[in-house]
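If you scroll down you'll find the structure; I have some questions about it.
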Amino acid sequence: MITVSIIGGTGYTGVELLRILSNHPKVEIEHITSRKLDGKGITKVHTNLKGIGNLDNLIFKDVPIENIDSDFVFCATPHGVSMEIVPKLYERDIKIIDLSGDYRFENINIYEEWYNLKHTGKLRSIYGLPEIHREDIKKEKLVANPGCFPTGAILLLAPLIKEGIVEDRIIIDSKTGVSGAGINPSNTTHFPNINENILPYKLTTHRHTPEIEEELKKISNRNVKISFTPHLAPITRGILTTAHTFLNESMERDDIIGIYNSFYKKEPFIRIFCEEIPKLTGVRGTNFCDIGAFEIDRYGRLVMVSTIDNLVKGASGQGVQNMNIMAGFKETEGLLFGGLMP
Amino acid sequence: MITVSIIGGTGYTGVELLRILSNHPKVEIEHITSRKLDGKGITKVHTNLKGIGNLDNLIFKDVPIENIDSDFVFCATPHGVSMEIVPKLYERDIKIIDLSGDYRFENINIYEEWYNLKHTGKLRSIYGLPEIHREDIKKEKLVANPGCFPTGAILLLAPLIKEGIVEDRIIIDSKTGVSGAGINPSNTTHFPNINENILPYKLTTHRHTPEIEEELKKISNRNVKISFTPHLAPITRGILTTAHTFLNESMERDDIIGIYNSFYKKEPFIRIFCEEIPKLTGVRGTNFCDIGAFEIDRYGRLVMVSTIDNLVKGASGQGVQNMNIMAGFKETEGLLFGGLMP
Amino acid sequence: MITVSIIGGTGYTGVELLRILSNHPKVEIEHITSRKLDGKGITKVHTNLKGIGNLDNLIFKDVPIENIDSDFVFCATPHGVSMEIVPKLYERDIKIIDLSGDYRFENINIYEEWYNLKHTGKLRSIYGLPEIHREDIKKEKLVANPGCFPTGAILLLAPLIKEGIVEDRIIIDSKTGVSGAGINPSNTTHFPNINENILPYKLTTHRHTPEIEEELKKISNRNVKISFTPHLAPITRGILTTAHTFLNESMERDDIIGIYNSFYKKEPFIRIFCEEIPKLTGVRGTNFCDIGAFEIDRYGRLVMVSTIDNLVKGASGQGVQNMNIMAGFKETEGLLFGGLMP
Amino acid sequence: MITVSIIGGTGYTGVELLRILSNHPKVEIEHITSRKLDGKGITKVHTNLKGIGNLDNLIFKDVPIENIDSDFVFCATPHGVSMEIVPKLYERDIKIIDLSGDYRFENINIYEEWYNLKHTGKLRSIYGLPEIHREDIKKEKLVANPGCFPTGAILLLAPLIKEGIVEDRIIIDSKTGVSGAGINPSNTTHFPNINENILPYKLTTHRHTPEIEEELKKISNRNVKISFTPHLAPITRGILTTAHTFLNESMERDDIIGIYNSFYKKEPFIRIFCEEIPKLTGVRGTNFCDIGAFEIDRYGRLVMVSTIDNLVKGASGQGVQNMNIMAGFKETEGLLFGGLMP
């Protein structure tokens, strides 16, 4: 049994952490902090969780970071805020899973350029994608939980990059549900603006681009040129990533499938689809990343598709997966459930 | 540990039973029958369940009823089909949860009139709404699992009816997600026909009407006149029921809330909302029935609202709740999880 | 040819007026005012109208009311703002179509109670529902354009009320698209909050209630008790109104249909549906009000359904219809087009 | 005034032709044929068109092709059916606009390979994309109306291809509304299957691929390698096309915009967006093709976006545009209206 606190429990990743952790047999939730909702009952705000475990007794509190001494802390805080909080926890040897982008980059210059923020200083951390960095995650006390788009994209491309069978120039065309834009209303998320639309945005400037690139470079030890374009779709949850790559040499579909089956052989949260195309509702509410398509066209273009739930494998679920690894629990503890389909 | 079989595992209630039961610590799934999909892997069809428990090893089989001797059998079969199958299981003392309408009615004439079918003959059974009939469910071997609309409507109205504080004439205006129409495509469920629409249907002739009426009469020992109109909404899951009733005497909102809190005091799956209006996403994927509104207008009309997930509390989840009761398990076993919101 | 100005051209009713008027052969648009967008090109904001007529040359201006002397002025201004503006136009004999609620009520006390505003003073005006008040609209210079819910509800109920064949107690359960909530984002209209939901709101307190009631009383010269409950549906445009009434005497469906066909015999914008149930997409983008259902249940409840596009017949289209009547044009001028189905 | 008949009036393109033509001042609709609906009133089936012009008097008829002698005939018939019908009309000098793929290809072998059909024989025809082939359309009597995806893709890429400033390898990632799948229900279009999903399909094998390729080759006189992947989105109408191309040489965004403004300078149905990204609701119900984005990333990838209404500019509206050209009418006659936004 471990104690866990959540800093910033009011956003979508915060409530999703509560939904998942309240179902986890080895976790006791200690604090959920919120300045704005200080004193309010958790399930008065997140009414979907009413009646679950002891959540009805939990209350949002504006707890000073200094007073938090849980075994694990999740920082469900925005970019820029995490780097103010994390160092204070870090020095007290608390295990930290940070859901922001603040500690994801080896190269701080890239962070500062794409996030347009001055960084408070690097800490020893590991990029929390267990399928790639599991052994290192076991050893670290600060995990930088991956971004939602990078999770879908890196898992989709890693085997190809590792094998070196595709050209370095890769096009990623992603489609995300609106929960990815967060809990706060805006013009873009106003129902009549997104309903019956599909909106490309930050077509060449999304800050998940360098994150994908940096991680793929680590895998291949070569430069990879990622051209990434996201689209907002009239869907609540999920990211479907379509990757367009070009094969270096002539290969058969079955060869590619073989590579993926081998690469992800023992992974409990990766499902390889040889026949059907993965669907967002198949991963809805789950920690799975489904991978499929493996289609090759007349010009050697290989099209691959992955699906994740952006709030689970793309954020909070992956955070709990990292916690399980760091705590020495079974990696799937509290995380294995089927997708809400339909 | 009990063994369970599902007859008719291809529809939405079948897959939902699998999703829930695969998460249940005391259940071993034995057979899932299907004539159409005989020989196909369960998770080849229901890809959302891939990688969960041992579901990847289960195969649809066209098993003769005679060969099924699990402790429990769920009949996820259509109206008319259940009454051919159930008697064969019944005589062998297998515990049965029938999801069709075939054994829901005390009065077979009402069934035959509204379903336009000749019944094969009544069997001793109990209407499987645990919040009303828990003690009897414990004793029976055949449970008629309630319809989706009746579940939301009866739970919404039972306290009022029991107290006798509203007029006998009640208007129920329900809004259901499209999964309620089943897994087979039709003109009505063709995306361009239901998207951007909300379709009233069977406005005065839906066969859940007499089911609601019969159950409410049992509670009050008086005639209740239910005027029920369903609408199909561009939503996948959930039923929101708006009940318009008229108070017999002047009452305050708090009195009504008090009645509900008292009536449902110990119920693990009923959540009373005093402030917010219940939302479908709050119960999505769960076995909860949320009840709220309690608003009274200038003319003594009391408006009440309930929400359920039509496939869980409105079908398969409630079936598992009944199984838990019949098997002597904790009633919430394998059934307590928060709603998938957003 | 007449000149027309629009005060408040930034909201949904403003852009919808532009969409309709730009297609009207006898209208020249003079001013579109906006404080916020002063100096911006109309079609830079409302990009859907780019390339239509001379709209690319029109610019939002913060024109003082005193400088406006078009033949007709549409006030697409919020409640409370109209009553500051309208008197200034009124005294200069400009013909005014006010889309707010400020001049809809005979009884100012009712307005002040439900809108929680002090009124600046009544002016001679007419409630702009042409199917009921056409002859008076011809004579007036200030038309109070009806609310969206009242348009659908009054047209749906008027024939029944006039004939006096239903009880005075009427339940109206309406379902509206999200554009009815206006162009400004809010928690309610945040996509993940309304998608996959249907939200009852102001269940007994919506201010369109007394508007419906007052108009129906005028028709019947009797008190009518309107119990009105709106729901927000995950749809952009349209209002579907379900009315639950109780017949005073036994009648046949065909009798009711006969009453409606007769009442609306010559109306170009009312379509009576005897077979199909009206659909929102059938009226989408149009000025039609479709009426249907006419179903009677075992207890003498008569269920009726109407559909309108809330932004057209429920607001801007009806405004143009009123303008046509006041200007002596053909009533359907610029307003007859088929619904955007699918 | 010309007379027009529609062969195959029951699908989405048929009803859309009726919606548009009923608004056209110079067209008299003569026949709408349907085997299945022979004898049924047009507006009994397409209820959205009730009350428009004289459509209430038109009746579906199973008219033999021999008996049709309108000035213009639209074949809204499926691939394979058109090539049985068109020759019979062609020999009688009727002007024909064929909405199928049967006469779109110069090279019949390509057609036979991708459509898996034996062709009945080529006829002199012109590919009906007015922005590219206007002068030739004027002279021909058989127009092959373009496919929906090709319309959006060719108009998006033509200026780049003509200028020869991008590499020959082009990736087109398209997102279409479900009306593109036609009026008949299927598993794919079943609401619970497409709602909350976005489905890639025929990822490397869609038959619009060679159509795009053939037309772009005509423009450039060079080989162009089109890699095309469509996705089905939970939207009713519209196609958003995202093109990923690579510039041959370093260029600025403004240079590209200049090329487009110049190429489409006089086109009434092409709107170039320099600031906003085009939205599907901006073209909904219209004959516009909106083009925008013009963004260049670190690796010289140029991302371009176009939006059309698949049933209007992508089918029936473009058909009427072709008819206007062939008949010597103003090209925009009956076709200029603003998008239904929101």
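Which chain is which? They are A, B, C and D, in the order written, and residues in each are numbered from 1.
In this text, contacts are C-beta pairs under 8 Å (C-beta built on N, C-alpha and C of every residue); 3 or more make two chains touch, one makes a residue touch a chain.
Keep in mind that this is a model prediction, so the values were computed, not measured.
*Asks:* Go through A-B and B-D and name the pair with more C-beta contacts between its chains.
*Replies:* A-B
*Asks:* From the centre of subunit A, which chain's CA centre is farthest?
*Replies:* So the chain farthest away from subunit A turns out to be C.
*Asks:* From the C-alpha centre of subunit A to that of subunit D, how far is it in Å?
*Replies:* Using C-alpha averages as centres, the distance is 39 Å.
*Asks:* Just curious, how far off is subunit D from subunit B if you go by their C-alpha centres, in Å?
*Replies:* Chain centroid spacing, subunit B to subunit D, equals 46 Å.
*Asks:* In angstrom, rounded to a whole number, how far apart do the mean CA points of subunit A and subunit B lie?
*Replies:* 35
*Asks:* What parts of subunit A, by residue number, touch at least two of the other chains?
*Replies:* Expected reply: 12, 177, 179, 192, 195-196, 234-237, 279, 281, 284, 342.
*Asks:* Once bound in the complex, which stretches of subunit C touch subunit B?
*Replies:* Subunit C reaches subunit B through residues 169, 171, 173, 175, 177, 192-193, 195-201, 203-205, 225, 227, 229, 231, 233-238, 240, 242, 244, 246, 277, 279-281, 284, 293, 295-299, 301, 303, 305, 342.
*Asks:* How about subunit B: which of its residues touch subunit D in the complex?
*Replies:* Residues in contact with subunit D: 12, 177-179, 183-187, 189-192, 194-196, 234-236.
*Asks:* If we count contacts the way the header does, which residues on subunit B are in touch with subunit A in the complex?
*Replies:* Where subunit B meets subunit A, its residues are 12, 15, 18-19, 22-23, 44, 46-53, 55, 179, 196, 236-237, 268-269, 271, 273, 275-276, 278-279, 281-286, 288, 290, 336-342.
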